[in-house]
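Letters A, B, C and D name the chains as they come in the text, with residue numbers starting at 1 for each one.
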Amino acid sequence: GGRAAIAATTVAGDGDPNILTPTPWGSSLGLPVAANPYGQPSKHERALVRRQSPGLTQVPAASVSFAPLQGLFGIITPSGLHFERHHQGWQDIDPTRHRLMVNGARPDFVKTPKVYTMDDIMRLPPVSRMHFIECGANTGMEWGNVAVPTVQYTHGMLSCSEFTGVPLRTLLEDCGADLKAAKFVLAEGGDGSSMTRTIPIELVLSGEVMVAYGQNGEMLRPENGYPLRLVVPGVQGVSWAKWLRRIEVGDRPYATKDEAVHYIDLMPDGQHRQYTSIQECKSVITSPSGGQTLLDKGYFTISGLAWSGRGAVKRVDVSTDGGMNWSQATLQTPVLSKCLTRFTLAWNWDGRPALLQSRATDETGFVQPAYGQLRAVRGTRSIYHNNAIQTWQVAESGDVNNVQIL
Amino acid sequence: DGFANVGRPATPAEIKAWDIDVGPDFAGLPKGSGTVSRGMEIWEEKCASCHGTFGESNSVFNPLVGGTTAEDIKTGHVAALKRTDFPARTTFMKVATVSTLYDYIRRAMPWNAPKSLSDDDVYAVLAYLLNLAEIVPDDYTLTDATIRDVQKRMPNRDGMTTAHALWPGPDFPGMAAKPDTANAACMTNCKPKAELASQLPEHARGAHGNIAEQNRLIGPVRGQRTGPDTAA
Amino acid sequence: GGRAAIAATTVAGDGDPNILTPTPWGSSLGLPVAANPYGQPSKHERALVRRQSPGLTQVPAASVSFAPLQGLFGIITPSGLHFERHHQGWQDIDPTRHRLMVNGARPDFVKTPKVYTMDDIMRLPPVSRMHFIECGANTGMEWGNVAVPTVQYTHGMLSCSEFTGVPLRTLLEDCGADLKAAKFVLAEGGDGSSMTRTIPIELVLSGEVMVAYGQNGEMLRPENGYPLRLVVPGVQGVSWAKWLRRIEVGDRPYATKDEAVHYIDLMPDGQHRQYTSIQECKSVITSPSGGQTLLDKGYFTISGLAWSGRGAVKRVDVSTDGGMNWSQATLQTPVLSKCLTRFTLAWNWDGRPALLQSRATDETGFVQPAYGQLRAVRGTRSIYHNNAIQTWQVAESGDVNNVQIL
Amino acid sequence: DGFANVGRPATPAEIKAWDIDVGPDFAGLPKGSGTVSRGMEIWEEKCASCHGTFGESNSVFNPLVGGTTAEDIKTGHVAALKRTDFPARTTFMKVATVSTLYDYIRRAMPWNAPKSLSDDDVYAVLAYLLNLAEIVPDDYTLTDATIRDVQKRMPNRDGMTTAHALWPGPDFPGMAAKPDTANAACMTNCKPKAELASQLPEHARGAHGNIAEQNRLIGPVRGQRTGPDTAA
């Protein structure tokens, strides 16, 4: 730890040499347009990349890379920094050869099982909506105790994009699916794992579930399922089948590997909760956050993200004394359903130790729980759905560290 | 229909090629069979390198086998899952439905050559895994008929509960209407003091590299230096 | 021209080989996480890049690259495809050496002229908001007649991002600016051109004008002003000074080069309109659009963008017969002020020639003009602020071409 | 103030270094002078390669000089701007304020070495440009005083109008409150027929490369092939 640098509040001599002497960029001719036909971040931004957590998984093709939330603004995640979770590696599929099949578990569930090319899908009436995606295992390393140093690793399996695609309901209707008999659909990926998950028909009928090809204005990135993925707003990422190749209409859940062996939540009594899917209301302060150092005393903005799988965020409260007293934060607009919401709160740091927390409430009135409350019902051994209030401890040195408060 | 010239009917052969899911009620299970001994051959050739001779390796993934007992096979609950001193959780400790394994091995294994096994190969290698897990004897033949008996011996077959509020769809047995936590938005004097329950151990601070290099060069904060700086 | 391909609605033999035989991506192990710590689009998306229009400008460091609107979805422009307009090339400024000065044209205008580092600016209370940016010269090549083939070149000096930064008003207050005496501010860039533009104080007082460092969740791209630019919602891009180094508070406009020699609109009487700044209500169909070919008869979705520098888009109407009859399009949410709005309309193409148009209305009731209306008042020689209704002609062959209708 | 420890006062030297704008009222204009002949030397050394010996080149940018007349200097309006058969628009045809040129040359020219000229150099080279434009005689000395006389001879000095509704701020002289177009959202039978006023000339279709390669490989449309395919 230790303070890295102190910004100057006064200046020596006549002034700052960066003002008094010509800057290189102010006294030269720059680079031409389309030097990068597809642009890149500044070379000075190299610190902000996706990273693995050492020791989390054994092989990087069945692993996670975390989004650098400590350096992000607003609610949109740049697609180049969208978190990754692959079970059998990622593929850059030839979109002209990709197909989507819709079929029934029984013939009577779907009148005309169909095959769609990408050309077909992109002709159907599209919708564009902004939604968060969070892995069910986000913050999973922290169930029992503090394990990782920064918000990239504690909360970085979280991203938010504008998705464009076709409501799955449109496709089911186009195939003549029996939407009375249907109770579930199975979504299947086209990668090596052919990842499958059961989705409740209610979310499909509501129009929320989307067969998406667009992400933040362009096509999905290969790591996120190019050319087609399912978008299941409010539900954990594993259900958002990537490289989507098939939808089956059925009447009972499928107990697939990733809903029968993983993404099941171990309770204190030794039972596993199965088909846990909703990402309950949660929030985290991203600045200042673990592993950082405040440069100075004085004015700061506490800024973070809040979200709920059950709808819109209604309010966020922030505490600087570890949860004894709280202040209501400002929510940046737009505040959308099942989408990240950015909150901010003014804070004058007096140089004394502090304990920063955020606590979100969603439109159902659900209030994000403290660690003590969550552990009281779920123990400490579930890997999934940890939505407890995060605490960052600010030391006198300005160092911010990850701690837990019950 | 409403969308003229969009999409086309799937052919029976196409549906057969892609509709490979096998459900907990065994719908979709192909006819076929495989013995433990044939399974061992496949295992040693195509699986053991990653999962270990006895499915015990965690070099590329969690162990598949271990942690279950004959008593578990009787009760349908893996007792070790209650023990907080037993951190390992193998596949067989968790999986309640044998269909899950058939389905998954057929679609995804071997990891580096998914969908390369025949249906009979999948029966055989699953028979071998069930034998390693002491669920079936050495001379067992797993078939689309006998797999139903196996289901009755799965050690954790009754280990799942849907008694929770985290499913967004229609009710499951026991499903809760209300979330299991109920915090309140108290604003002042919410508790007498804030006590730390856990802190990052000193030794773990450097385990994620130099955090200074994982934060921006500008802004209200810098990253703490927790490791050597890389050459610029 | 000519139809490129026809999508199959039936299939030969047993079915599609892409389904009947194993796909490479379904039968192999993919790539690891963080293979690209900062991710890239699919290699199959190489067609969608920023491009120059040949012959538009003489040197690429004083030129434009256009965003490929023909392939974009939703409202967010991926930052790698944000249009570029540089007057003296782009620079990748060292953000630790970048400074922002706030001063007064006269000492009494600003009590304490100040210098801010990026550290300082990023500590101040931030806001995040989504806004479009359009170059005043967008569609400028089309004032007199059809000149370019695709929507990339007709309308591609248009992008939309979530910007994060500090309201300029906050900085002026922090320096003790006299907000009664102030009538204008001058914004100045830190590049070789030190580009300057006059901004009306009203937009600053309203809190809309922002000193922005964030764009779509990450820092601004170098091409878009890293590390700091002005965001002036509703106003043409040239006022959004990039690489922002100075704000001066004044009481009269500055007649800078880019408001006295360029970005002035030549009227039929030989006078130039000066200080034209607002981007009036405008829309364009992006799919199908010029240079494209419809693959087939049958169902299509007409999709496009609408925006207004005076507030939110209220409605968009679409015509398929060159403006004789119109249908109201669906607006995708969110519909935000001074932000792109995506509209869609179902269309069954019967294979006969068609003339596609879109016409936007904003919250002030202003209706986007036809070419005839615009030329009646402004003639054909203004390079700027062409917000006329765009027409795409669909031929029997399926070819879509750029035409104009008065 | 409200933001403790954020920002600091600018020093006088810093303000002097960066506050270089020169306004139409000549506020900010530095003291100094330069002759046409000194200006010619600078021009030939540092400017002519891009802008041409007489400011006539359009190889890197529009011509700076040309299109103005002695009559324009009298009227303050460049007459050629009314002529639709006169497409060229040089800098001197448009610019109303000589301050604009001083300000801009000082901050941005030469293009590849901006801010390298002294204040006197800027006076000199501007004097030379004014001479090329026949606004000042060959023996002219431009100074912070004489520049005010020059303003009165700028050919297009009265060529600007603020009588429009496209300024979002406080009123300018003549500024219109209402937009200058007023379309109506007619929905049916809005006109008898749709007549094409302009189409892309056949020869212009290939001028932007092969449009097939500027559109996605998938979707409801393809790009038209308007040029040779590049090797994949």
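The rule we apply is simple: a contact is a pair of C-beta atoms (placed from the backbone, for glycine too) under 8 Å apart; a residue touches a chain by one contact, two chains touch by 3 or more.
On a predicted model such as this, the values are computed, not experimentally measured, just so you know.
Asker: Using the contact definition stated above, find the chains touching both subunit B and subunit D.
Answerer: The shared contacts of subunit B and subunit D, listed by label, come to A, C.
Asker: Roughly how far is subunit A from subunit B, centre to centre by C-alpha average, rounded to an integer in Å?
Answerer: Roughly 21 Å, centre to centre.
Asker: For subunit A and subunit D, let me know how many angstrom lie between their CA-based centres, rounded off.
Answerer: Inter-chain centre distance comes to 46 Å.
Asker: Which whole number of Å gives the spacing of the CA centres of subunit A and subunit C?
Answerer: So the centroids are 27 Å from each other.
Asker: Check each residue of subunit D and list the ones that touch at least two other chains.
Answerer: Within subunit D, residues 2-3, 6-8, 10, 14, 18, 111, 114-115, 216-217, 219-220 contact more than one other chain.
Asker: At least two other chains touched by the same residue of subunit A: list those residues.
Answerer: If we look for residues of subunit A contacting two or more partner chains, we find 8, 11, 15-16, 19, 26-29, 44-45, 48, 51, 59, 71, 88, 95, 101, 115, 117, 119-120, 123-124, 192, 194, 219, 227, 245, 295, 298-301.
Asker: Dump the list of chain pairs that touch, please.
Answerer: Chain-chain contacts present: A-B, A-C, A-D, B-C, C-D.
Asker: Using the touch rule from the top, collect the residues of subunit C that touch subunit A in their complex.
Answerer: 7-8, 11, 15-16, 18-19, 23-45, 48-52, 59-61, 63-65, 71-82, 84-86, 88-95, 97-99, 101, 115, 117, 119-120, 123-130, 162-164, 190-192, 194, 213-214, 216-219, 221-223, 226-227, 243, 245, 295, 298-301, 303, 332-334, 336, 342, 344, 346
Asker: In their complex, what parts of subunit D are in touch with subunit A?
Answerer: 2-8, 10-11, 13-14, 17-18, 111-116, 216-220
Asker: In their complex, what parts of subunit C are in touch with subunit B?
Answerer: 7-11, 14-16, 19-20, 22, 26-29, 95-96, 117-119, 122-123, 219, 227, 296-299, 348
Asker: Considering only the defined contacts, which subunit B positions touch subunit A in the complex?
Answerer: 1-3, 6-10, 14-15, 18-21, 23-25, 27-28, 58-61, 77-79, 81-82, 84, 89, 91, 94-97, 99-101, 103-104, 107-108, 111, 114-115, 159-170, 172, 179-201, 204-205, 207-209, 211-217, 219-226
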